Every structure is written in C-alpha cells, then in structure tokens.
C-alpha cells in the first residue's frame, strides 16, 4: 500500500474550493500528524487519502478504492451493540467467527470497554464512542490507519492511554496518519508533520524540526496560538 | 366467510412476502448504489406507485391467459394469479418507499461502510437490518395496499365463489347487489383483521426493540 | 348544462353502448342532460330508494315491483326488451349448438360438467339464469367450485372470465354484441321465448324525496316511451344487428 | 379523453392536497408528541392504510347520499364527492408514512429543539420543513394511490360520462366491455401522466436541493 | 432561574444506573466546570440540569421544563444554512426579524463564521460546527448556559478565542455550566469545580482549592492523569 502519494490534488465541494494543489507522500515510518486550523481541510484530506473522495484534479496513488482503515472525526456507530459494531467490519473482512470474537474481545479490552460490550453502541458517552470507533478500526489491523482527532472527547488518562495504543500500533509497522488540535499530543506522537492552512500544504517536515522552528510564518503563528480564523 | 377471510389473508401476506423479497433489496440498492439509469429507475418506481390495479391486473391477465406467453400453466383465475398480480402491484411501492427511508440512513452510514470496504451488495443487508424499524411502516403500507386491493385480484382471480373470492371482491359484489349493510359489515371484519395484523407487527417490533437498538 | 337528471341504470345497458346513442337525441330534444350511473341492478334500485337518482332503467321485474310497492317511485313503464343468448366456446364440448331449447342446453352442460360461468351477483341477468336452471330441473349449485363458477361481477367481466376459461354463460345480447374480448366464444343458443329480457323505467318518487327533479324525470320517461325514444332505441345497431327492441306500446 | 384526463388529475391532486394538509401535520405530531392514546392512534393509522377503497367509498356514499346526514348538499355523484373519498382514503396513508419518516428525524432533533423551548406544535413545522425531501416520496406514494384508485371514486362518483368519469373508471369500463387494448392504452396514458407528475416533482426537488440542504 | 439545585438525584437508562445521589447547587457567579472521566455521567447531568431529562429519584429546582440554553457534546445542526441555524431559536424566542438578523450577524462574527453564513450548516468542518452551535446558544442571551465540551474540536487559537468569549459571557452575568477534558482550560475558566466519577459527585469545590489539592484521592488521581477506565 505504502507509499501513498498525492500529486497536485485539488478538491472542491458545493462550489467552494477546499483543497488546492496538495502534494505529499506518506512513507512507511512513524506517525504523520496533519495539523492546522479549523476548516483548513484536514478531514477532507484524510478522506481523499483514505479513498472515500476522489480528487477533482491531480491524483492519488496507489489507486485502490479504499486504503487502510479510518476513524472519523464524528464516529459513525451502527445501530447494534458495542460488540456488534466491532464484529461487523471483521465479518466483512472475511474473518472466521472465532477470530472475530477473539479480536473483538481484545480490542474492547484495550480501550476499556469490555464491561460495556452488550450496550447499544449509540447510547455510549462521547468518549466511549470515540474509543469504540478507534478499537473497531484498529481491530482490522490495517497497514495504514487514518485517525481524525481520535482523542478530542477523551479524558486526560484515556488520552494518554490511547496515545500509547497508537504508538504501539505504529511500532507494529502500521502507518498512522492523524489529525489533532492538541499540540502536546502532536509533539508526543509525530514522526513528521504536515501543516495545512486554507486548503494548502504549507509545509511537510520532520516533527522535531517543525516544533523546533517551523519553516513558514503561518505555522509559527499557529504554534503560538495566534492564527485565528 | 372464514374461507374467504383466510384466502384474503393468505393472498395478501404471500404477495407481501414476495414483494418484500424483491422490493426491499431493490429499494436499498437504489439508496446505496450510483449507476447510470438509477435516477430514471427511481422516478419510474415512484411513478409505478400509481399503477392502477386494473391495469396491473390486465397485464397479468394477458400474461397468464391461455393465449398468453404463460398460458400453458393454467394459472388464470387461481389464487396464484392473484398473488402474482398483487406482488407486482406492491413491489414497486415497497421499493420506492424503502429507498426513501433508507437513503436517510445511508447518508449517515455511507462513509463508514465504504471505509469498511463494503460494496453496495454488502451494504444492502446492513441497511435493511439497521433500518428494520423504519421499514416496518413501509411493510405495513404494502400490506394495507394488498389487503385493500380489489381491482387486480378481481381481474385475474375472477371473484369465483369458493375459490378466488376474497374479502374485497366479496365487498364489491355485495355493493353491486345493493346490500350495503352486508358490504359494510364485511369491510369491518376485514379492517379488524388488518388491525390485528398491525397490532401483531407492532408487538413484534417492541419485543425486538427491547433487545437493544 | 344546468338542467340535468341522474339516471341509475345497469352495467349491461351502459356497456352495450345504448346510452351513447340515444341520450344525445334526448338532450337535443329537451335541453336536459342525463348523467348515467351504471350499477348492479340491486345497487341501482338502492340508489333510487335513497333518492340519489331521479329515474331508473333496470331489468328485474320482481325487484322493480317491490320498489314501486314500497312507494319509492313509479309508475313503472315498460320500455324495451332484448334477449339473452347462451354463449359458449366454438368447440362446444357439451354439444348444445344443435338444440334451440335452452332447458335442454343447460341439462347437457350440467351433464358434461362443462365449465359454466354465472354472474352470481343477483343482477337481472343472474336472476334470469337461475330461473332457467330451475325450469330445466338442474341444481347447478351442486357443481359449485368445479364446473359451475359464480364470478360475482358484471356482464363484461363475466364474459372476460368465460373467454379465458372456455366456459359457457348466459349473456344479454346487447353486452355480447358490444363485447370485444370474445376469443373463442360464440352464440350457441338463441331465440327461445324463455330468453326474453324486459327493461322498465321508473321515476323516483318526489313525495319521498322532494329534491328529485320530477318534471325533468317525467319528460325523460315520456320521451323514452314516446315515438322518438322508441325509434331511437330501434335505431341502435351494431354490425347491422339491433340490440334492443322497443315495446313500450305493448305494455 | 382530455376532459377525463384533466378530471383525473384534478381530483387526485386536490385530494392529495387536502390529505397532505391533514395527514402530514398529523404524522409529524405523532412523531413528536407523547400523549395517552398515541400508541393506539399510530396502530390505527397503520391499519387504515389497509382500508378498502370500496368501503371508504361506501361510507362517504352513505354520508353524502340524499338520505344521509350531508344529503342536502347534493354532493353525491360529483367530482367533489370523489375528492372527499380519495382524501379520506389517502390521509391516513400520508399520516402513517410521514410519521415513520419523521420519527427518524425527530430522534436526531428532539433534544436540540426541546432545548430551544420548541413544544410539539412548534416542532411540527420544523420537522416537515427539514424532512421535506424524505416527505416527497411519501407524497408521491399518496399521489400514486389517488391516481390509481378506482373503487372509491366509482362508488361516490358514479362514473358518469363527461362528468365524473376518470381515467381509472374509464379503464374499468373498457375492461368490462372486453376492449382490453383500449383499456391498456388508457392505462398507458394514465401512467404517462403519473410519470410526468413524478418527473416534475423530482425536478422541483432538485432545484430546491441546489439551494442548500 | 438561579440558584439551580439538584437534590439526591438518581438517573438510570436502559436498566443501567448512571447517576446516583447527585446533590449540588449552582449559584450565580463565575463558571462551574464539571470534570471527570469518560462515562462519569457529565453529559447526562447537564441534560438533567438543563431540563431535558427528568430524575428517576430526587428533584431539581426550579422545576421549569427547560432552564437556560445548552450546547451539546455532539452539535445538532438543522438542515439549513449557517444563518438559518442561528435565526431558528431566535425566531422561536419571539424576536423580531431585525433583532434576529442583528443578533445572528453579531454571533457569527464573534465565532469567525461570518464568511460561511450561507453554507449548508451540516457541511461545515467539525470545529466550525462546534463554533456555530456555541454562537447559536449564546445568541439567545440565556441566564444559564450549559456547555458540553465546547472546545473539543477547536484548534488552539480558536480554543483561546472561545475561552475568551465564554469568560465574556460569564462576566455579563450569565451562569456558565461546562464540561471539559482540557484541564488547562478548566483551570483558566473555572470559578468552581464539580468532580464527577462513576455517577457520583465526589466533590464540589472552589477552583483554586481544587486544583491546589483536591479533597478526594480519586480527583487527585484524575488530575495526575492516572484515573484510567
């Protein structure tokens, strides 16, 4: 699957240009964090890279319909139990019943939802839903995992635990492509950073370099918390 | 009377079952898939909700009549013919209504299911299952239409006493005889049965709903 | 048009096309439009009883007399007749084409257990059919569910059913002549005096229903049984054959 | 022929309009409000989708007949009577189907609208507006039922040539005359008209959808 | 409206007890921050205080059906334009057309969405949606404003700006009752803190005291990021 390359990708919706000339390469390696202000186009970019949207211009390779797995910014839970939600994609992936059960149980355990396995998923609290969505995508053991602000609703301890989970997944060789508004989290996880602003990739740099001193004035303002709408 | 009632129920429910087997997946597929001609198909199905029963009846009549293509099976004026006519009549209704209902659900699910790699064919059963409570009303609409229908069953069934006479054709007969009280009484009995079926469906729904939604 | 009357009649008269021929003549003569509601005979009489029509044209003598005796309308005037014909498949499995005796024909049908479609809707035609079976000494109800098939519908649908089933049936000549979906059906027995089908006209009682357009209804009855109306009836033909025979003056 | 077509359309669309005015708000209210008897009302409406047209026709007939309670208006065997009968027939269908559709929307909106202090009465128009695209299919189902309907208009309209003859009653008449080709041709014409209405509705929907949803 | 009192409130749903014996008082004054782990019952408590849910036992006074305005954890936007969403509750509150337009424009401006006024609201990005929901509730000028993690999807600059807005609203005399998982944010905004864990109010303290040294061991563990599911 890797590397995934976006070349001069444009995207528009509802008559509004959303992404313009996005070129970037995702190589095997530590997590790539996509950061930028609200409305910069991070979620749209993830959807494009995941394969849910098609570029209006430019291209993304490999051209497989869907690349890897994704956790959406707003989790979509099926009208089933927590366990049912976990097993659905595993069944779709063609895993046997036993393997499904094994993986689902392990995934629930990992995000601390084992006790809620039989609850209707859509009744979970915000943070519980987010953890379920992450567990569900991770259980697929994809080679690329797109995470759209996976910790936005998590409490401090859960955030740390999920960060550890993500780091663990990355260590097992899965490429993490993730957005976050928590710059501390970005620092802790990122191998490289893509800084997006107003639909353009302003810079793509190794994380250490980016946080030490970004190349662009916009990114610097963003890091100082001064890049306001 | 009991025989007529039984036949009515049997024909309507069988037709509903067949129509559901065709119509619901078709509706779900139309909610899910994007292919050339989909738009025309949706409009066509919506329009078919306005197919006059007599016309549907006539088409089936011509099909099943001994000079028609399926004539050698001798199905005309049998309960089987009535089931076929009613199924043909309500399948488009089920498809059009379920498409409408499931499109809302698909709007919510589309990205997630596609992300799981579910193609249209795999998304169809998922939508049907997760939308089952909303589809109940659609099924009840189809059942109502079948139970109330007289034009098509009259043409292809022939309202033959003791063989293809249903509640609705009996009501039409009594009406033409001028026996309005009897016609109304039969209508009440039919409505009571329909009500019973609806109550049963509702009870089933509630029992299922308690299991978790 | 402001002046109109509502005429409740039977499906057989409507479906024979008679009204399309004679009513425009009446309207031209009197300026009164006629709205025809074609129903089963029983329903037509019921519509009259409730005052929902101004005048009735039906063909079930016994029921008509009860209607008049009940004070719902009258007087009943005889207008025209046509005749019933016994129709069956050209192959004629019961072999009735040779006889001119309708009773014998019915007995052969029953004997051969050949499919027979009955209106089964207590219409004038149905009443006539049951009378003929009785006179023939056969109880067809024994064959119900097998060869004797009561379809509970109007003349046209009954003909459609017989055509599709290669069955025998009794039809009024007018509907038969106007009927298009004959497939293999033919007239096999006709001309027996017992096959006469008499129509009567009855104005609805304005005493019982004050809103009834009595004057207009009266001019309709007058015209229908008068020379113009009778001539118009005689003038309605299909393929050169008359469908109805005016006989108002005989009554 | 043009007159018959016009009458068919006029009656069906007027009936649809009246039924929508009653049925849609009722459906929305049932989706929104919780009151004693609501459950029974929902089941009752679902069952009324199975009301046989002839029975509805008979009831309206008895109501409008000269000997009935509304007899003095002389509405029997007029287009008005047909509109009334059809509206009575499809209003429950619209109510039951729109309840089903809007309940899903309400599930999403309930907390937010209640938080705004919107009571059931205020939530009804909001749901109807925000659910208008989904309701279109419901309306088309109602229109289809009205356009295809023959039993009720036959009983209360009387199928009077040049006055209350509609496409469906004409089709029934030609069928009983055995003129099946003409009956089918009329059926095709009717279906073409229904298709036209559906295409128009779809076009309107798209024009509106472009404005933003 | 104030003070709002909850007395020995229990709440359960789907056969599961969610809140147990919750007693607290919301007085006029600086913001009250409700904090606690995922699934503690914060969102349910806000709904109860707002008046959307009824206690299974105990009572909440005043008994008005709805108290103040609320921004939900998962914003619910109507199928209308951004502006249409803003005007809807204002129209419902009986404001005149001009006043509606004035307030809507001011609210949009405040959260930086003026340029998106005519976009379909449900197409906004996650952070834009959250800002719209906040603007919509604040435009009603309620006397109590319930905010359920209003900054979860906001970028760093937007978070600071929204915090300033919230502080401003509070300064105008509106009681803010808010949840957050961002302890820094809680520190910056809170006048008092309610710490909720497993459906119970563990403590209700002035913010300064709470963050200096919470009374309970659970709260201390939570602050250290150690209270894991």
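The chains carry the letters A, B, C, D and E, assigned in the order they are written, with residues numbered from 1 in each.
In this section, a residue touches a chain if its C-beta (ideal position, glycine included) is under 8 Å from a C-beta of that chain, and two chains touch if they have at least 3 such contacts.
These numbers come from a predicted model, not from an experiment.
Asker: Would you mind checking the shortest number of contact hops between chain C and chain E?
Answerer: The least step count works out to 2.
Asker: Moving only from a chain to one it touches, give the least number of moves from chain A to chain C.
Answerer: Minimal hop count between chain A and chain C: 2.
Asker: Among the chains here, which has the CA centroid at the largest distance from chain D's centroid?
Answerer: Measuring from the centre of chain D, the most distant chain centre belongs to A.
Asker: Measuring between mean CA coordinates, which chain is farthest from chain B?
Answerer: Chain centre farthest from chain B's centre: E.
Asker: Between chain A and chain D, what's the gap in Å when you average each chain's C-alpha atoms?
Answerer: Here chain A and chain D have centroids separated by 48 Å.
Asker: Express in whole angstrom the distance between the two chain centres, defined as the mean CA positions of chain D and chain E.
Answerer: 45
Asker: I'd like the Å distance between the centres of chain A and chain E, where a centre is the mean of that chain's Cα atoms.
Answerer: Going by mean C-alpha positions, chain A sits 27 Å from chain E.
Asker: Counting only Cα atoms for the centres, state how far chain B is from chain D in Å.
Answerer: 18
Asker: Could you list which residues of chain E touch at least two other chains?
Answerer: Counting only residues that touch two or more other chains, chain E contributes 14, 119-120.
Asker: Name the residues of chain C that each touch 2 or more other chains.
Answerer: In chain C, 39, 153-154, 157, 160 touch at least two other chains.
Asker: Check each residue of chain B and list the ones that touch at least two other chains.
Answerer: 61, 155, 172, 175, 180, 212
Asker: Please list each pair of chains that are touching.
Answerer: By the stated definition, chains touch in these pairs: A-B, A-E, B-C, B-D, C-D, D-E.
Asker: Give every residue of chain D touching chain C within the complex, in rising order.
Answerer: For this pair, the touching residues of chain D are 65-68, 71-72, 74, 76-77, 158-161, 163-164, 173, 175-182.
Asker: Of all residues in chain B, which touch chain A in the complex?
Answerer: Per the touch definition, chain B meets chain A at residues 108-109, 111-112, 114-118, 122, 126, 130, 212-213.
Asker: In the complex of these two chains, what residues of chain E are touching chain A?
Answerer: 13-14, 16, 36-39, 42-43, 73-74, 111-113, 119-120, 123-128, 131, 148-149, 152-161, 181, 183, 222, 225-229
Asker: Where on chain B does chain D make contact in their complex?
Answerer: Answer in residue numbers: 39, 42-44, 46-55, 58-59, 61-62, 93, 96-97, 99-101, 103-105, 134, 136-138, 140-141, 143-145, 147-151, 155, 167-168, 171-172, 175, 180, 183-184, 187, 190-191, 194-195, 197-199, 201-202.
Asker: Please output the residues of chain C touching chain B within their complex, sorted ascending.
Answerer: Checking each residue of chain C against chain B gives 39-47, 120-123, 144-145, 149-154, 157, 160-161, 164-166, 183.
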